[in-house]
Amino acid sequence: MFKAIYRIAWKDVAGDLRRRATLSSMLFFAISVLVVFQAAFEPDRKEALRLLPGLLWATTLFTTLVGLGRVFQAEEEDGAFEGLLLASVPRGVIFFGKWLGNLLLTLLVEFLILPLTMVLFNVDAWAHIPAILAILALGTLGLTGLGTLLAAMTRGARSRETLLALLLLPLTAPLLISGVQAVAAILATDGQVAPWLKLLVIFDVVYLAMTPWAFGWLVEE
Amino acid sequence: MFKAIYRIAWKDVAGDLRRRATLSSMLFFAISVLVVFQAAFEPDRKEALRLLPGLLWATTLFTTLVGLGRVFQAEEEDGAFEGLLLASVPRGVIFFGKWLGNLLLTLLVEFLILPLTMVLFNVDAWAHIPAILAILALGTLGLTGLGTLLAAMTRGARSRETLLALLLLPLTAPLLISGVQAVAAILATDGQVAPWLKLLVIFDVVYLAMTPWAFGWLVEE
Amino acid sequence: MNPAVTDATDQPVARLEGVRHRYGRHLVLAGVDLNVARGECVVLYGANGSGKSTLLALLSTRYAIREGAYHLDGLDVRHHGQEARERLLFVGHHTHLYGHLTSVENLLFFSDLRGLSVSEPQLRRALDTVGLAKAADKPVQWFSAGMRKRLALARMLLAQPLLLLLDEPYSALDTQGVNWLNAMLTDYLNQGGAVIMASHDPERVAVLHHRPHHLARGILTPLDTPRPEVA
Amino acid sequence: MNPAVTDATDQPVARLEGVRHRYGRHLVLAGVDLNVARGECVVLYGANGSGKSTLLALLSTRYAIREGAYHLDGLDVRHHGQEARERLLFVGHHTHLYGHLTSVENLLFFSDLRGLSVSEPQLRRALDTVGLAKAADKPVQWFSAGMRKRLALARMLLAQPLLLLLDEPYSALDTQGVNWLNAMLTDYLNQGGAVIMASHDPERVAVLHHRPHHLARGILTPLDTPRPEVA
Amino acid sequence: MNILKKIQPLVGLATLIALAIGLWYVYQAPADFQQGGAVRILYIHVPSAKIALLSYLFLTAASILYLWKRYEGADILAEAAASVGAAFTVITLASGSIWGKPMWGTWWAWDARLTSMLVLLILYKGLMVLRHSLDDPVKGARATAILAIIGAVDLPIIHYSVVWWRTLHQPPSLATGENTAVHITGPLLPPLLILSVAFILLGLYMVTVKARQIEARRHLDALEAARMHHDE
């Protein structure tokens, strides 16, 4: 069973890493999002510190969103997803396989863009990097879990990207808010991180408990 | 020839409007992007006025980006794009057809989100709506032109959405900057709009002159 | 090949009773009964759009049985979907292949998902059998129609299914491919496997010892003649 | 049907000379010569992966001719791609259909792109001919394999191509569909059209008056026997 | 591509000589009274910035040639130029940032030159990724060439939009590359000139090496394909 999870994730990640394209293109995509924010909002140094949590999370969100299309793309061709469903593994395994591949790539990108954001926006918060990373990772668990489910749901839908985004953004709004507040609290040094962290954990637990089950329902025809 | 352009655009737009899904989901997507920005940056009223141009353009950009995947999605199934290329119309006509459909939908969404943004962010700039719309439309011409070309280019690519975003964002930087500055200049009342408008026009002319030609090269095999 | 063994070898491999299926309100299957025993090959004929592929999708558990009963190897498929999937293999219109993986990797992925333990030499031997030895390490996306079909069929050499479901298996295959497929199927049937296939090609099926059926207006009726398809 | 007329009716419809094609550096066609006149049907046989579909893609102008010459109706296709596309119709492995449009809309889209002026009754008559009258206003995405194929072939009733290119046209068609297709092709050939098709199905082509060719190792050779495909 | 094989040792030798002379000069050159030893970064920074930009010119020319004449050699050169250009862009950005910290007190500022350089890096990256994301090498080559040309038209627009953006109405709060008080005169100049030449040679050398490597890889792929096809 773990072999199957691993295999599915491997197929996605290896297929991507083989071309060494995905990771670096996600990274550079994230950088260009930062450039867009800079061009759009032109924060000065003080403002940048205030906007940092928002910048980080908005970038994470868009990067995840844009990456989600990829998750089931390979499954689109020639009925590959049907083939996956005909395999004699529980549906949950298929879901976890898909999710794992997605999670790994997203986490890697986040870890890389955090220092970059600080450099580009001139924010001096190097001491807080581990804490911020932990919060990002915590949020990403739930975000990619829900995202993977939604990607499965919108497989084959017309205007798929739009639909995916449309569903993901409102559902993850609470996650986004608690993530932003948690990072802001850490940067403020006297802020209260605990309640926001609790909220993040609740989201993760809820989403990760519900999504494999929902996935099973979804693919039953 | 115009009939063919119209037909291709019709197929896309009608197919989308028939389900009434795309337009409204694009619209709601745009709204959720605004909500994300609100949650991420929490601007106060004064700040919101300063951020308004950036908010509008960033939302436009992400909406276009997410919509681009759709442009060639219908062509993906069962060799439909190949079929289009086997039609006895010049390649430019195919390009313009695809572009037109995309342009119309994007413009519609922009026109709808502009008042929404003002309401959501509590910005009082109602008098400037026509001017802002004109600037948005001007920018959208070039943006969708380049976007359609890139969407054609990345047809069948792995991690397509990421790639598309990666290519589109840097190339549209001047558009974004001049668009943001033009809107900011209008809001500032004493700002200089003309030079930015000139830049927008240059950008449009360059892209709309180059892209049909590039498309022809692209599909020649 | 050595189709998976069960205790009660006398019970039918697959048994359908009064299976009905509708798309929306359009009734495609209006009560289908079918019994397939070990070593038997059932061929479904029928006009375009008569519901053959739908029936195979139901048999493959891809669609859930809503009305009627389906037992595979004595198991009620409704409640034992996963066990049923372990026992069957479906090669349909679609090849279920990943374009960015090579032939070997595609087969490897397939066998890992099924929990089969096959070594790479075994895989390569299977590829050799289906005539793809030279294309073993080529990404599948460049394959010609027939090469894809061959690769999809190569799976039956790895899995040892109790029931084999084939949807128009001969399409896209060249003469040599058809001969090879028929030889392989004969082999498989002799070893106690069961086959259900949909086809429009009585000439090619003729070589196999089989029971033809005809699907029309949602009803499946056995045929006596070996060349049954009438317009 | 009334295939497009040109002045010089004695010149071949299509003439290939020394056409070579490579994917990357993999040479698939190593100098192919072919002449097809009005009223002629050329059938390409060959093993899986021998390059039949590639040859048809070149003939359809989908791939550009890099080495060798291709004249269609006297025009050099290299410089008159668009005019060439006006004169030919290609129905390949893929059906070029849009799932979200209905049958009628798909045909309408096709004829608008080709600049044909067909009325809706004409469309519906064509759909009737191919046996899809009942599915005329159904979105294509729910069609069975054979129904898609029929719809793709219905295009030849609307366009009046000089040259018809078919890649495995019989696959997925039921017996009635095969008969109907053969009748239609005979008709078309009698009226002076030209056909080039790839097939693995000598039995079904047999009804047509045709010139078989065999493609192997990139070389196309005419065959005398009507049952040419050897392994 | 036989020429490459011939010129490669020559270019390599010239590069070595120029680098040696240049570095010797740098070693001899006085430390700047304002910046101390840090000024030596200049000798890496400025030449690599030049190569990063020149590579794009070269890439554009190769792309046009490829689209026009379909020489595979032009495509190989384009692919090589993209990766060499990207490498030098990274060096420029990194050396600039490292220099910026002591000079401006910050790693990064959104000044015209810096921003357009960052965009250039993303563009290079986009070109490299695009080529490998399309599975058909010919399609990949063609798409990359087209994008490179579009980028070439766009880069000046980007540069000027960024210049105007920063100078038209809101003057940058931080000092910018061009305006800083580094006057390259006197003893700083000769080593800089020599090193610029040396870096141009180095860039050329890297392009030839990379091009030959790409050519070898493509050849290998072709042999592999031929092997799979011909032992029938």
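Order of writing sets the labels: A, B, C, D and E. Residues in every chain begin at 1.
Everything below uses one rule, namely that contacts are C-beta pairs under 8 Å (C-beta built on N, C-alpha and C of every residue); 3 or more make two chains touch, one makes a residue touch a chain.
Just so it is clear, the model here is predicted, and its values are computed rather than measured.
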Legend entry - Chains touching both subunit B and subunit D: E
Legend entry - Chains in simultaneous contact with subunit D and subunit E: B, C
Legend entry - Selected interface, A-C versus C-E, where C-beta contact pairs are more numerous: A-C
Legend entry - Interface composition of copies subunit A and subunit B: same or different, split at half: same
Inset, instruction - Determine the centre-to-centre distance between subunit A and subunit E, using the mean Cα coordinates as centres, and give it in whole Å. - result: 33
Legend entry - Centre-of-Cα separation between subunit B and subunit A, whole angstrom: 25
Inset, instruction - Between subunit A and subunit C, tell me the centre distance in angstrom, where each centre is the average of that chain's C-alpha atoms. - result: 39
Inset, instruction - Check each residue of subunit C and list the ones that touch at least two other chains. - result: 93, 99-100, 135, 141-142
Legend entry - Shared interface positions of subunit E, touching two or more other chains: 115, 119, 122, 125-126, 129, 133, 135, 138, 165, 225, 229, 232
Legend entry - Where subunit B touches two or more other chains at once, by residue number: 15, 19, 74, 158-160, 163, 166, 169-170, 173, 177, 220-221
Inset, instruction - So, with touch as defined above, which chain pairs make the list? - result: A-B, A-C, A-E, B-D, B-E, C-D, C-E, D-E
Inset, instruction - Provide the residue numbers of subunit C that touch subunit A in the complex, in ascending order. - result: 60-64, 82-83, 85-86, 90, 92-101, 109-110, 112-115, 141, 148
Legend entry - For the subunit A and subunit C complex, residues of the former touching the latter: 3-4, 7-8, 11, 15, 74, 77-80, 82-90, 220-221
Inset, instruction - Using the touch rule from the top, collect the residues of subunit E that touch subunit B in their complex. - result: 67, 115, 119, 122-123, 125-126, 129-130, 133-135, 138-139, 142-143, 146-147, 149-151, 153-154, 157-158, 160-162, 164-165, 168-169
Legend entry - subunit C residues within the subunit E interface of the complex: 99-100, 134-135, 137-139, 141-142
Inset, instruction - Using the touch rule from the top, collect the residues of subunit A that touch subunit E in their complex. - result: 19-21, 24-25, 28, 31-32, 35, 38-39, 42, 44-45, 119-120, 122
